[in-house]
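What follows is a structure written as structure tokens; I'll ask about it next.
Chain IDs A, B, C and D follow the sequence of writing; residue 1 opens each chain.
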Amino acid sequence: MSSVGTPDPNSGWLSDEELAETRRRLPLLYVEAVPVRVDGVGQVTEVGILLRANSAGAITRTLVSGRVMYGERLRTALFRHLEKDLGPMAFPLLPASPVPFSVAEYFPFPGSQFTDYRQHAVSLAYVVPVTGTCDPRQDALELTWMTPSEAASDTVSAEMEGGRGSLVRAALASLGALY
Amino acid sequence: MSSVGTPDPNSGWLSDEELAETRRRLPLLYVEAVPVRVDGVGQVTEVGILLRANSAGAITRTLVSGRVMYGERLRTALFRHLEKDLGPMAFPLLPASPVPFSVAEYFPFPGSQFTDYRQHAVSLAYVVPVTGTCDPRQDALELTWMTPSEAASDTVSAEMEGGRGSLVRAALASLGALY
Amino acid sequence: MSSVGTPDPNSGWLSDEELAETRRRLPLLYVEAVPVRVDGVGQVTEVGILLRANSAGAITRTLVSGRVMYGERLRTALFRHLEKDLGPMAFPLLPASPVPFSVAEYFPFPGSQFTDYRQHAVSLAYVVPVTGTCDPRQDALELTWMTPSEAASDTVSAEMEGGRGSLVRAALASLGALY
Amino acid sequence: MSSVGTPDPNSGWLSDEELAETRRRLPLLYVEAVPVRVDGVGQVTEVGILLRANSAGAITRTLVSGRVMYGERLRTALFRHLEKDLGPMAFPLLPASPVPFSVAEYFPFPGSQFTDYRQHAVSLAYVVPVTGTCDPRQDALELTWMTPSEAASDTVSAEMEGGRGSLVRAALASLGALY
């Protein structure tokens, strides 16, 4: 438990020190979502990318993501992180299938496709249509809606944290919308 | 064109004789949908199965399905057949991805997994959550909502036309809901 | 040709005129393969792209592809076209699953993602590791092995017939190898 | 064991006590494989199921599975567990795609689809064709090759550990081989 006696709600029943320790020992399980808008026949029209100030104060782009906690189902974790990052009125349509469109492996060392300096994380990535109004909370500054081709552009890709540009492209490819 | 000068809206710009002829020469492309109800986190709660009298007058169970016409996109065909079979108030949520959960190959001879005495058809099969009210039209008598385990049961499987019982099971398996 | 009493083995039991007629009436079903080389743990190392002179005499790049014939199983069609385009010693490892990584819709008019001036074709696309020696036959000049990043480059993409550059990218994305 | 200064190679750089502690705090990441034999066009002909004496001495059936260690890639973990369970001459053909056919969530309490009394584990499950000779090692008594319909039968399903019978059925469904 943390020093103030209440568990950090984001630490999955681990104190901060325990989490730091575990991060050096085990791959952590994450879920990740690419929010999209779709038209009446399910065709993607826009992709939602979060704008966020990272811990070093730099502005960076990222996806909805977060850890799966002990005892938590994947779809519950996905819903929780969507609500945390997009607000309670986003009305996401969670996938009926638990099979992700991609599995991203983040390593804390350079040279890997996806990097996370804090840890080895394995992330199950889903495309999630949202039907309501997004109101980013916590540390996100804004959710930017882009066309598929903007979201897949080299410029946006280069701004995305940890190599997630290629995850956005893989999401679009899985939708038949990468050109 | 048909003899009365108006194309049959269900024949994809082929007259009945032309369609009959083509059916002996080429595999026809179909789309097929397993309608489902899902809860707030996307978990399937019910599966919709059509009850229908076939051309021989026998009562049989089946899925939403139909041909893709010349010039028609797959998602447009899927939407058209959902509306035709479930009515205009079903409000189906079409998949954002064009990748089916399964591809069913129907052959007009015994011994194949899926059979269709009329033709060789290849069907791209999708799970489609519906959010509205279903009101089967045309030749369907009723849409029956079942739990996943009822839909996967041997009894229901045996009643399904052309071997589609195994397609329902594959749909449930793709949702992590086949036991 | 039909006039000499023997069906063209590539026309699927249709004469040339019948095939031409059908192409204006129905979507045709194709299978398509992206040949790859993989290492000992299944990671893609190279992608095989065909170099071919098209009917106008221009040099163009393409994938292994071809029609599914009446009565033919998808995996038999896939095997037949792999052998036709890569030769009998390619030793392709056909996918155990019939679910394609993508479904490409080719239309004979501009503005669609994939184009084929001859017809409306729907193509089920698979990644196929090959373990032997490729010796392109028929009208293919050469099979070029490229790294994943070369195959996904704008240059190669622009040289590919009918928009297949985005299909190569989708193949790589499905393998976690699109950057 | 940690007390003698050398980490257990199977504990992922955690001592036994640390692993036991972590198992009460975090979901652990697993990979799981359904070994299959395929014919020349990729069609599954047989499914390999392990026969094993569990810690209580009972004979039970299971799949190839094991933890992903810190810093280890998923495909390396999959290869390591295949070699551990099937021996060095199995020659498995690892999937080119990192996307599993299913994600199984094991919880240490009754009522969940998959159960593991030791822990909350999330398992990425793959179908893996094997081309060589399997020689189960460690605690496995035998690898039994079955036809797809035997492997999917109620009898075999009931004998499988932790609910993995439904995972075998989902594997077969993903191959178009569940009836």
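In this text, a contact is a pair of C-beta atoms (placed from the backbone, for glycine too) under 8 Å apart; a residue touches a chain by one contact, two chains touch by 3 or more.
Quantities reported herein were computed from a predicted structural model and do not represent experimental measurements.
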Which chains are shared contacts of chain A and chain B?
C, D
Looking only at residue numbers at the chain B/chain C interface, is the share used by both copies over half or under half? Answer same or different.
same
Measuring centre to centre with CA averages, how many angstrom lie between chain C and chain D?
35
So how far apart, in whole Å, are chain A and chain D when each is placed at the average of its C-alpha atoms?
28
Multi-chain contacts in chain A, i.e. residues touching at least two other chains, fall at 73, 98-99, 101-103, 174, 176
Tell me, which parts of chain B touch chain D in their complex?
102-104, 113, 166, 169-170, 173-174, 176, 178-179
Touching chain A in the complex, chain D uses residues 12-14, 18, 22, 24-29, 68-74, 98-103, 105, 107, 120, 122, 124
Per the contact definition, I'd like the list of chain A residues that touch chain B in the complex.
36, 38, 40-44, 73, 75-76, 78-79, 93-99, 101, 127, 129, 174-176
